[in-house]
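The two complexes that follow have chain A in common; it is paired with chain B in the first and with chain C in the second.
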Partner chain A sequence: MTASSTGPLLELDNVTISYQRRRDRVDAVRGVSLIIQPGEAYGLVGESGCGKSTLAMAVMRHLPRNGILSGGQVLFEDRDLFRLNQAELRRVRGGRIAMVYQNPESALNPTLKVGEQVAEVFRLHRALRHRPAAEAALDMLRKVRIAEPDRVVGLYPYQLSGGMRQRVVIAMALAADPALLVLDEPTTALDATVQADILDLFTDLRGEMKAAILFISHNLAVVQQVCDRIGVMYGGELIEQGTVAEVFKRPRHPYTAALFDCIPDFGVRKSDRRLAGIAGGVPDLAALGTACLYEPRCLISRQLCRVEHPDLMRAGSRHLSRCFFHAETPAPGAAARVRPEAVPVPDVTAGIPLLSLHGVGRRYGRAHILKDIDLEIAPGETFGLVGESGSGKSTLAKVISGLVPPSAGTVALAGERVAGQVGKRTGRQRRDVQMVFQTPDTTLNPRKKVASILGRAVRVLAGLGGKRKRDRSSALLGDVQLPVEMLRATPDRLSGGQRQRVAIARAFAGDPRLVILDEPTSALDVSVQASILNLLLDLQRESQAAYLFISHDLAVVRYLSDRIGVMYLGELVEVGPTERVFRPPFHPYTQALIAAVPRLGGAAPERPVSLDKPAPGPSERPEGCPFQTRCPRAYDRCRAEAPPWRDAGEGHMIRCWVALDALEASQSAALKPRRVQAPLPIGRRP
Partner chain B sequence: MAVTLTEAGGRRRASRRGVVPLAVGLLMILVWVVTALGADWIAPYPPADIDFLAISQPPSPAHWFGTDQLGRDILSRVIHGGTYVLTIAPAATLLGLGLGAAIGLATAWFGSWFDEAVMRVLDAVMAFPIVILAMLALTFLGAGTGNVVLVIGLVFAPLIARTVRAAALVEARKEYVMAAQLRGEGSLHIMAMELLPNVRGPLIVEGTVRLGYAVFTSATLGFLGLGVQPPTPDWGLMVSENQALLTTAPWTVLFPALAIAWVVVAIGLAADGLKEYLEP
Partner chain C sequence: MLRFFGRRLLLLGVTLVVASVLIFAITNVLPGDVGRIILGPFAPQDAVARLNAELGTDRPIVIRYVDWLTGVARGDWGRSYAFDTAVFPLVVERLGRSLTLAVSGLVVLVPLAVAAGVAAARREGGIFDRVLSTVSLAFGALPEFVTGVFLILVFGIWLGALPIQALPPDGAGPLTVIAHLVLPVGCLVLLLFAYLFRMTRASMIEALAADYTRTAELKGLPQRTVIWHHVLRNALLPTITVIGAQIGWLVGGLVVVETLFKYPGIGSLIHFAATNKDIPLLVGCSLAITFVFALGNLAADLLYAILNPRVRHGRHAH
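Now for the complex of A and B:
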């Protein structure tokens, strides 16, 4: 280690970073000061556009070409990073400071074997020779708990799963024995189960390694699990900073408190409370006044906030807040309890189901993407579909909507069998099933104005023309709470949340009876997600439409859904009413999914089932139960025969060989310690 | 909820790169458009006027570009020649664009065996040099302005189709296309109304590039005697007619050749500029 006495490891002193644009300059980060001590883990959170990634790039002195450090300094081990020459900088980067990015695909060289890539770091930064470097690489892969490291060293990145790739990237970052590890959304691109494993790894590594961590994330729960201290950014400023315990227990800035309210806690249902979004949008960094940046959206703002910009002020012994009235910050949950949600409860058992699938399968060559799906959705019901990526959720959505014809089985709407291809369905059937997609960037035709996007949907789906078409388009826009002037806008003028609202309006143009929502909020910030979820609930109350809601976020699915289906390798493994599915007994796979949910407030839950092994691909489907290769409870029979559906009562079905009472007994025991901890600060005052 | 239209607006057309080459290229082309339109007034002599008293004259105040072996004024012929190039090349390019866009969109949208079959045929066609293909076709069809347009358009179509197909394949997988399918839109609507507007950028860029090649190809065909027929003052044809005089009266070849080069360079500049301007 170099001479980094007892001083701070990293010190940002009044850092301002500006981006030069054609005509003006925008300060993306303004006056941020923070200190990271050796060995400390500091979490930086905020929504998109708040400047957190820009700050991370500044710590690596890796700003984009048009970005400059226009004020302050970045001191690393008492040296000004922006005054180092190229050779010194190279030694610091990768040697003393290592970085892990969101996307492991682009961080690895696809043409080099994993072992060589890790060994290269040892050769470069630790001056090891060929053989010792290779051995050290193997050691490091062991340290990041990669399964079968001896085999993995000889593989190319494309042969690894996303989680394993990220482990390799982490191994490379740690290989140089850095003093600071910068993690920029390291788990955002991963499945929840994999994310949980990686977070566990960080927690463990913190015990073994002395590296400090700068952890950047939009996900509060994730940061909480790994970090000691947390900084919250808004509009390029640090607006709150404190220990994780303090900030999570009692946030001292209205924005932080509002962020907590946007997130559905694991366990909160739509019948419990309405989610609180944050009104308005992020400030325009090119046109800042003298007021508090958060003032336009703040629930407790006063005259002072409109005329004077607050400095960071002390709100506790180690707690800073950029709010004049930080003492009055509402406790999380206070705002949310104002409007409890009255939700209609659909009668699942009565009448003809709106949608019924029988033996639906879809294969490409030998690969079964979907296998033997039986499913019924009642009118007005919200059915949640969960599972890891690659489990077939989206393909099932496409089969139901007719975008992908099934290769086996039947799809029926209101008891009437429909064609597999949407083009062969009747107009009425097409009207009945509409979809909202995941990606706000591509869900709308970029060359069309909103008026034309909605107008076409109204004409085709509702059969209206002329003035009635225009009236209906305006009304739809009103239904999704967008101003009517937006009809003249093209999608590139809309924010992600606004685009998603237009997409929802489009889906509702013809009064559908089933709306398939395929990860509709995954690409959005939590504050926007909350308002979209609220919107969906409002629309459902008025339209009585049924929802098929697909998400990888169990908390969101649990919040919104009446019933839930769990998919694994293209098969349903568990179906039941939401509260039953989240209570033992559950399928071992469901148990693993639930255990992987990062929780706000509580300590990391004990995880009785870890899905460290990657799921087999659809073409290497195992014999017997699809989950048997990863199931900790699998026995001989699971490997030989497909498991039966077992009835756990109240419409709760589990597909497993293990007897339900045996499952329940062990799972209840595993859950006990977690239940006692009363982990959720949100919704109750400390 | 307060909603503003300005949020994401800053990104749009933030850069104006490519404006300079685009403007220079367009100006260089404009020179020929103006002279071609006003050829009858601008040209000092009628293009086919034979003057046996001024045969193979070098450039002089009376004949700025000199005269050819029949005593025709080269400047006047070059000015009139612009008319042919500037009608044949754009017409052929437009034909190629229309045909290519249709093929590209259809192969991208229908996919599977249709895509395979069409693209393999086009690959086979493209294996031949363009000029050879055009020569073959013109030998069958006979020379003439209309046929030159037709043939150049046809041989360009596969190239344009490939570009359009690649761009349309990307678009066809996007969610707004799925939304159109869920509405029950027909293939024609999806290709024309959803996909075409979104492959417009590559289509325009490809079009300008092809325009340059079309000038070149039409000149080449004129040179080979397969284009317009004498005594029409076509640039390619002029080069061809006078090539024997290259050593004794080089100006007879030089000026029409320079004119060809001028237009090709101008279109190339405009194409490059446009590409930079359109692409983010």
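Now for the complex of A and C:
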């Protein structure tokens, strides 16, 4: 079309975007300049609220009503996007630039068939008539490798899984063969296994379609897999930019380096190193001085940084950094030298288990949400629970805490059988089991002060009143490293991380023996996640509480847990000590989960199992092994009979018909890295 | 779709049966002594007994119900005491008038309120939105006899432009019929506009802010297509339900409007039947209105289902 062959495809020139708020005006993006060449993949990372989405929306010229481009230019194919008239703009949108954003749940129109939604683009931008457009849409769905495209075209969005919906959105975006694809967290809302498939799809499509990509993510490993160059944003500014290889090998801004240190690299354990969080929070955009924006959190800041604002400066041939002292940026992994305090190793074999579940099941009508769960957790142990969404992890957590009574089996605490409903448990039993949820917002009353939230917990759980109650509340707040003044704050004035700390403090009010943590860090930035994980370790060292830690992030689970259980369709399919579970033999499902983890360092193993085919719902559970519909090794027997538990030694159990040595032989072979890049030091111990 | 339709039809049947039982029960069982109610407290007891025997109220209740129901199905709705005519033709005639009024009201109201709601939502907080929201709220808060009297005074008496009686003379041409309907319909529209307008406006604002609307805009679709093809389908769903639920009331509940404009519809008939203790007539009116109510809901449900695939297919997600 109009693509010029020489110039850059997209050029942001000193772009500033402001939001008018009730009382003030804030610059959410400040003076960002960047260039994307045709066919290039550019990644944009940074903590929440640093302006990534705002920038993406500016590239679509689709700012919220109170947002304006208050400075600079957005040039696309040498034309100023903000000067196009509506007709020209419409030709660019969807035709030359297309967008995919985070939430596949809501991105599709619920009342139109998905085939029609894709075909619409062909009719609009390719001037195809009805029939050819429908055929082109079907072709496109094939191209994004959706299962059964002929059937899918006639379905409505609610009939598709999250991964399939995101494929439809991608098909829609690619339909007009755009020159630029803007992807804002396209895989964040998806299960790790689905994310891995979608990322593979992007990698493949880049070979076929030549579209340039602006890829926004908070997940560094994902950016590394997809992108050529990377830009790091902080407080609305671009603070570092370079090739992915360079930046990942040797970041030149203390913020980037700190971001790397927040993430537990896959394989790092709590006994290896303490995670380095980033103290403090992102700057308040409404009150920025003249200093370096990162100064309050920077570990190497000096006098100069407090008086002068650094410009982007050259830190390598294609490497820019907004730091006066970029050469002194600590290498990532430096924090690895911070040895953790001794991590207690619970004795799993001796004594009475703290928690034991026997034959626990939960059904609604014909649907088994949980089936036949046997599980023991030792005092002081951290047990990690993993599995895709819908596998029953949260239901299991609720059964243990008594929020959902089991419909079969028994739950025992310290050898004593407890009632299914929390209301029928004794005070001590209730105190013993506490829960922390993914979004504390829903469990913390936004109008109550922190003091009254904690005070109530202290009164109910520890039976204290008056001054002793207040003392205990302040002490709890200290334990979760929040200042005492926060007792007077209400939760809606706290950040996500602070709220989660309050929720954790509340859970610890009555000296619990088991704390159930259901995705406690999934909604948080990596920097906040790191500090919460550290906090959990500290609290455990002091209180000896056991944790049941639920997460879809295998790296985090592996970092924190002593033992791990893998759930599929309401059943446990593998249980064992953490390091054993991450070594062959694996259950075929575990193998697929592990292979889906995006890794820093780029050495991902071959993915032998694609889990893109969605799991059957709990009411469509097949006879025999629940995993048979997706398992590449399934054979007749798996369809006839439930598989047996096989003992791999040291408490490592796998539930599968295939013999363990056969599993191990093939899986060890598959673990050979598929593309080895230069070894990267990130997160590795020296 | 066929299964959905079948289920709805079944539901309609159940509603009608339950309603008929209720109507029958209220008028035949609860008072205990129908004859006494009709003849009043001072009538001699033997007259009451005679009337009861005549009405058959001394027979077993189930038999009476079945009898009554077969009669109803055959169009034998009994005789009105007050008018001393068969109930069925009377009710049908009045119902026809009320339907005419209600349907004319809806035909004017729905496009107007929906269009205004859409326009206001597209410029939320703009002049049009603010003015219309305030004005419609004010009108909606006025009781219908105030707006009715106001309309009659202004258009009927001062300006003398429109007839103030809704019922046209016999054999009038269509234009005259319409002219007679203008004022009562205007009264209805003023009464209901605020409600429908705000409903549409609210769901429109929600749909406009939805991610799928952004998707449609970022596809490069022109505004018109975005609104017609993507937003309206979703935004109209709640409005449709509301209209469906209002139809029964629109047909049977317009006593004030009918009285003001001297329009003999079923609303004033039911009022008359109740005040005159004309039980067969009361039953007939209730039956007719129940029927319209159920059919209105059915129509709304079907329209809803046509727009919303999720309902149509039952809840079968993966």
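Some observations on this one:
Here is the rule we go by: the second predicted complex is superposed on the first by the 667 of 686 C-alpha atoms of A that agree within 3 Å, B and C clash if a C-alpha of one lies under 4 Å from a C-alpha of the other, contacts with A are read in each partner's own complex, and residues count from 1 in each chain.
The definition used in the following text is that a residue touches a chain if its C-beta (ideal position, glycine included) is under 8 Å from a C-beta of that chain, and two chains touch if they have at least 3 such contacts.
Source: prediction; values computed, not measured.
Model built by superposing both complexes on chain A: chain B and chain C fit together without a clash. Once the two complexes are overlaid on the shared chain, A:Y156 sits against chain C while remaining clear of chain B. For the superposed model, the angle subtended at the Cα centre of chain A by chain B and chain C works out to 30 degrees in steps of 10. Contact with neither chain B nor chain C is seen for A:Y234 once the two complexes are overlaid on the shared chain. Set side by side, chain B and chain C differ in how many residues of chain A they touch, and the one touching more is B. Residue contacts after overlaying the shared chain place A:F325 against neither chain B nor chain C. Contacts of A:G402 after superposition on the shared chain: chain B is touched, whereas chain C is not. Residue contacts after overlaying the shared chain place A:F248 against neither chain B nor chain C.
Contact with chain C, but none with chain B, is seen for A:E120 once the two complexes are overlaid on the shared chain.
In the superposition on chain A, A:G423 makes contact with chain B only, while chain C stays out of contact range.
Applying the stated contact rule after C-alpha superposition, one finds that A:R456 touches chain B and leaves chain C untouched. Fitting both structures onto chain A leaves chain B and chain C with a minimum C-alpha separation of 7 Å. Residues common to the contacts of chain A with chain B and with chain C across the two structures: none.
Against chain A, the residues of chain B that register as touching in their complex are 1-12, 14-16, 174-176, 178-179, 181-186, 194, 197-198, 200. Contact residues on chain A toward chain B in their complex (touch as defined above): 21-22, 279-282, 284, 286, 296, 401-403, 422-423, 425, 427, 430, 433-435, 437-439, 442-448, 456-457, 460-461, 481-483, 485-486, 489, 492-495, 498, 503, 506-507, 531.
Against chain A, the residues of chain C that register as touching in their complex are 210-212, 214-222, 229-230, 233-234, 307-310, 313, 316-318. Against chain C, the residues of chain A that register as touching in their complex are 60, 62, 89-95, 98-99, 101, 103, 106-113, 120-121, 124-125, 156, 158-161, 169, 172, 614, 617.
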